[in-house]
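I'd like to ask you about the structure that follows.
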């Protein structure tokens, strides 16, 4: 069930049965010579929408621009300041909570988002802790629960990725994530020769430093291995895992 | 050409030929008994993507949550504070400008966004005016141009809508916008009887007042008339118009 | 009745009879060769004070600096960032609401303010919508109503302006607005020859672009026609219209 | 010379001779049973405008709402959060500095503003110190100088006030400041009996505490002594003093 | 009693007997050739901790970085923007108030902090005034009291300083404050010849101007006179005075 | 070498040999029945100061209040909103970078700080990436490097902790961290019986939930095992490790 394809009476009906929603959250940033700029938003979106439709839970709009300052030396990357991202996530959460949602599951597609998502959670819980407090002793706020899950850490997914791509999985612009987007958007499959075949590895710092170290954007990966079929297998595994985890989270 | 389905080398190549990009911008908010919560983000997205693919210009990610506080009494609506929206649009724009984009065309799907988009433009131009100034006389900033266009005001579109729906077009949850989304997502077509057939009209104030005045969310409209075919005709007209206008803007 | 010339017991007494107040809001920005920098703040102030005194309603202090970044290439212009203006208007409104005011009528003197004023209204209503909510279902907030009226759009005013200045009214530094300030401050009448007599027209962008397009600051106007008598006629018409509209608003 | 009654070419000409401007800054807050809500903005405005006209220096628009949270239990008071006031003063200053002003003299009418004005000065100088720095060693910024002067501390003024009102001058809603406004606005003179004749004194804390301690708003004063003639004498003394001080400041 | 060396059950027990806490607040900034960068934080910390231990009242963590932009041309200085400092002090205060503290005594070590601390107090009281207000008439907030005391203004301290250093006390990097830190940290005593023996005096503006006027950082002082014994006498006097004042404040 | 015990000429001399500084960063929050509220700030401070003195590198002031909203139901805890903490860390970093520091090593004492510290790093690097950019193509910023290290993850430390406390180390209010503070402040050793001896474990959410799950504040630990001698061994190991790591970082 997709929020953006639903009517408000459908959401009202849903809220009578569940207080839980899943928000895909990603980034718009370079993913090497053959990876899509939307990769990190598309992966959780592709997985979440299939899972939500299959299991009947609600999937909200995709938070599609995130923390990508270190990719800014590559054209097409868009980034939010962490303070802006925290303010936005707070507004999304307050809106959802205002309607009665009490469990918000953020399915994340970008490692660089993790810290800021957790900081945003603290900012939101800070509000709950001081809610109604107004400089006096407050009663307990509502049982709001926020959950962060990176799609590649869903049960069984990492193992499958390693099985599919024993060499050159790397850590940015991986064949696994590129495969997921190729499965979702087969019309966007790109065939690009990689040189070197496996990209270098190293630390992530500011944008200029990143481009010097990783001239084509990849870190440690060979995404020329990416293919639709592998993407389909990863998506299937992730869908199963997220359904199980969301079910537990939504009723905890 | 979709930014999220492109690689960074493709964007680099595009920038050698054009400094212009289109950003669809909308809202996630109730659209009456049979309208989708995503309507205002989906309409500009559907039109823009077709236009970008047909004419070869670049379409960025959709800014999918906007100004919807007055719809907050209907479940599923998500809203940003205006100050948050301004900060986000500033970050998006600074990122794009950093890569060399000089013309940003915002195709808008929500009347309630207009004021805040224009305020964000002022905040961005304020930065340009004071850029490098640092309390001294600055030289002229780069020729950044921001453009706002509401899709229903594209040349010829409003006339077509009135022709298609001479009665009950109204101003919120209109048969025209619902038709556009039905055309884009035929699997989401909903058949709901409207009562009264044409919704009341009146002023827009805060959220509670809105729900009292417009109990099912519509203003002045009968969206039960919405259909895929009408949506297709509106999209076709809008695609032609936005291509013409973007071409002129991008090279002005 | 002027707030700044009243005592607090007088305001307390006023509040027992009315919850409505009018705030003049303008800008401090260049108005061409013979127009005053204060024009956009002075026009609503001149009209409002006369109206408030005649009809006995309350006029607050003038919000005298607004959105003028595009005039920054002309000395004397002062501008607020939109985010600062929103924060200030929020503080003014919260203060007034704290005393029991429920109807705030903003009489505006500057077209460039409109978007940010409306964005500020959304920010304020956002607060009302989430007031007391604190992540739970809130009861309805108080019946706060905000109203924006540009003085030149008051009933009958535009017709009179066109009658007085059939040629060269233009859109910035108009003979009408300059006349209103000359009526209010006859000691400030300036006699300046215009060259060309009627200024060029064109789009408004950033500050440097503005000065290139409109070298003496005017847009499409010939304000050398401005005179005290015309100002007096416009003020008289506007005072009548604002009294009628405020009365209706204050008791709605 | 008043900025709001000047044209931009007049300011351009002024800047060729002086880089200094005076900004009256005050507050809108209760001033007891017979004092005007605008007192703290009107006093510096009355003095500054006479001084500027007499000596030919430039007086900007009045910053008319300030720090008045402790007066919020009295109707008509309007207050800014300190953080909002700092942001506004920063915007005013950046605008003026953009035009080439290098000496900004703030003539203040409200003791409660002093701390926040000085904090705003620090925020502005912080910008100067880090200007162009951008994480590297910056060259020196321009010679911006900010000056705060409370009108009652101008040379000779306090002595005159004590001479005029040896008993009951007090510290809020003083006969001196009320006299200044009566001189400026004789039509607003109010005759109100004070009870007790001299108000109590005590510490200033939050708004509710203030009203409990000072039920009619005065602190230690008997403003029933206020009169137009005394106001005229105080204004004359203040005008002389501010002219002398501004001249020195503007050329230092 | 030191908060950072206490357990939460000890604080819970303390709160049953007192709602008052002392926060040392200072700055990290140059203090001339032989003064420590931590001087302004160390002085109130040294005094407060001794006082708290002797009298049994609670001393919180030291707020150790403050307003020091004008010292930024000397290495080692760290400064907060005033707006950041206000936000931080607000968070500290809300946390303490959440636990039931109602009296917060800020023992300050830096003249440059005074304005911003008072602005922060206004920001905090603003919250109290509007607490629970949510656009309606609020009941009175809790009896929060904030108190600022500069350690050198404690009863008897200034007299003692003048007695100890009749010549060359000056106003920045004074022998008195340096002595206090030498008493607290005798291992950090530095012997440095001063040239000239007594530093120049003058106004404080931005950072570059400061270093030009005061090349070694001192203003009007000869801190080569500083010594451990004098520091001990000043600390003893200050401890007695702060105990007396805090006792009165905590129970007022 | 301690910044707060150094003079500015000493820092100037240090900068001629090294551009690196270490900042201890922690939290002020409950640490169970016998753990100090200052534990998370004291641990990195104790380790860092010993290391800096032994190896001759510079240690800055301790950032002593951090992310502790989930501990707010226990008296004495003080917390910053994440957005405030980011703003503060940005100000500290800009100040240090202004003096020429290029390597900032944050030695952290609190797991709950990790996300927000990393978000602050992104906010700081964002500034570097856009530095001087002003909407045009910027040259590379300076080689600023930020490093986060949790003291318990220093080489060899965790192994030693497990050896010292094979049972009941837990994850909050651990015997290891309490031992470190007891070693640093032996006068603050507290003897408190734990019941149950080993605290429960579970997820961390908002403040009220935390207190319900962990009534005395501990998670999974038995800190009654804490002792000065164990603290001394942990500190010795950590000092060695941080010296080695800082040396490498400072010259990388």
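Letters are used for the chains, namely A, B, C, D, E and F, taken in the order the chains are written, and counting of residues starts over at 1 for each.
By our rule, contacts are C-beta pairs under 8 Å (C-beta built on N, C-alpha and C of every residue); 3 or more make two chains touch, one makes a residue touch a chain.
None of these values were measured; they are calculated from a predicted model.
**Student:** Give the rotation angle, in degrees and rounded to the nearest 5, that superposes the C-alpha atoms of subunit A onto those of its identical copy subunit E.
**Tutor:** For the C-alpha superposition of subunit A onto subunit E, the angle is 120 degrees.
**Student:** So which chain is the furthest away from subunit D, centre to centre on CA atoms?
**Tutor:** Centroid comparison gives A as the farthest chain from subunit D.
**Student:** How many angstrom lie between the centres of subunit A and subunit F, each centre taken as the mean Cα position?
**Tutor:** One centre to the other, that is 29 Å.
**Student:** Could you put a whole-Å number on the gap between the CA centroids of subunit D and subunit F?
**Tutor:** Measuring from centre to centre gives 46 Å for this pair.
**Student:** Indicate the whole-number Å distance between the mean C-alpha point of subunit E and the mean C-alpha point of subunit F.
**Tutor:** From the centre of subunit E to the centre of subunit F is 24 Å.
**Student:** Give the residues of subunit A touching no fewer than two other chains, as numbers and ranges.
**Tutor:** Answer for subunit A, listing residues that touch two or more other chains: 72, 79, 81, 83, 87, 98, 100, 128-130, 141, 144.
**Student:** Hey, which residues of subunit C end up touching subunit D in the complex?
**Tutor:** That would be residues 2-12, 15, 28, 30-38, 41-42, 60-62, 64-65, 72, 74-81, 83-84, 87-88, 90-92, 95-96, 98-100, 185, 187-188, 190, 192, 217 of subunit C.
**Student:** Under the stated contact criterion, what part of subunit F meets subunit A in this complex?
**Tutor:** Against subunit A, subunit F makes touches at 67, 69-70, 72, 79, 81-83, 86-87, 112, 114-123, 125-126, 128-130, 140-141, 143-145, 205-209.
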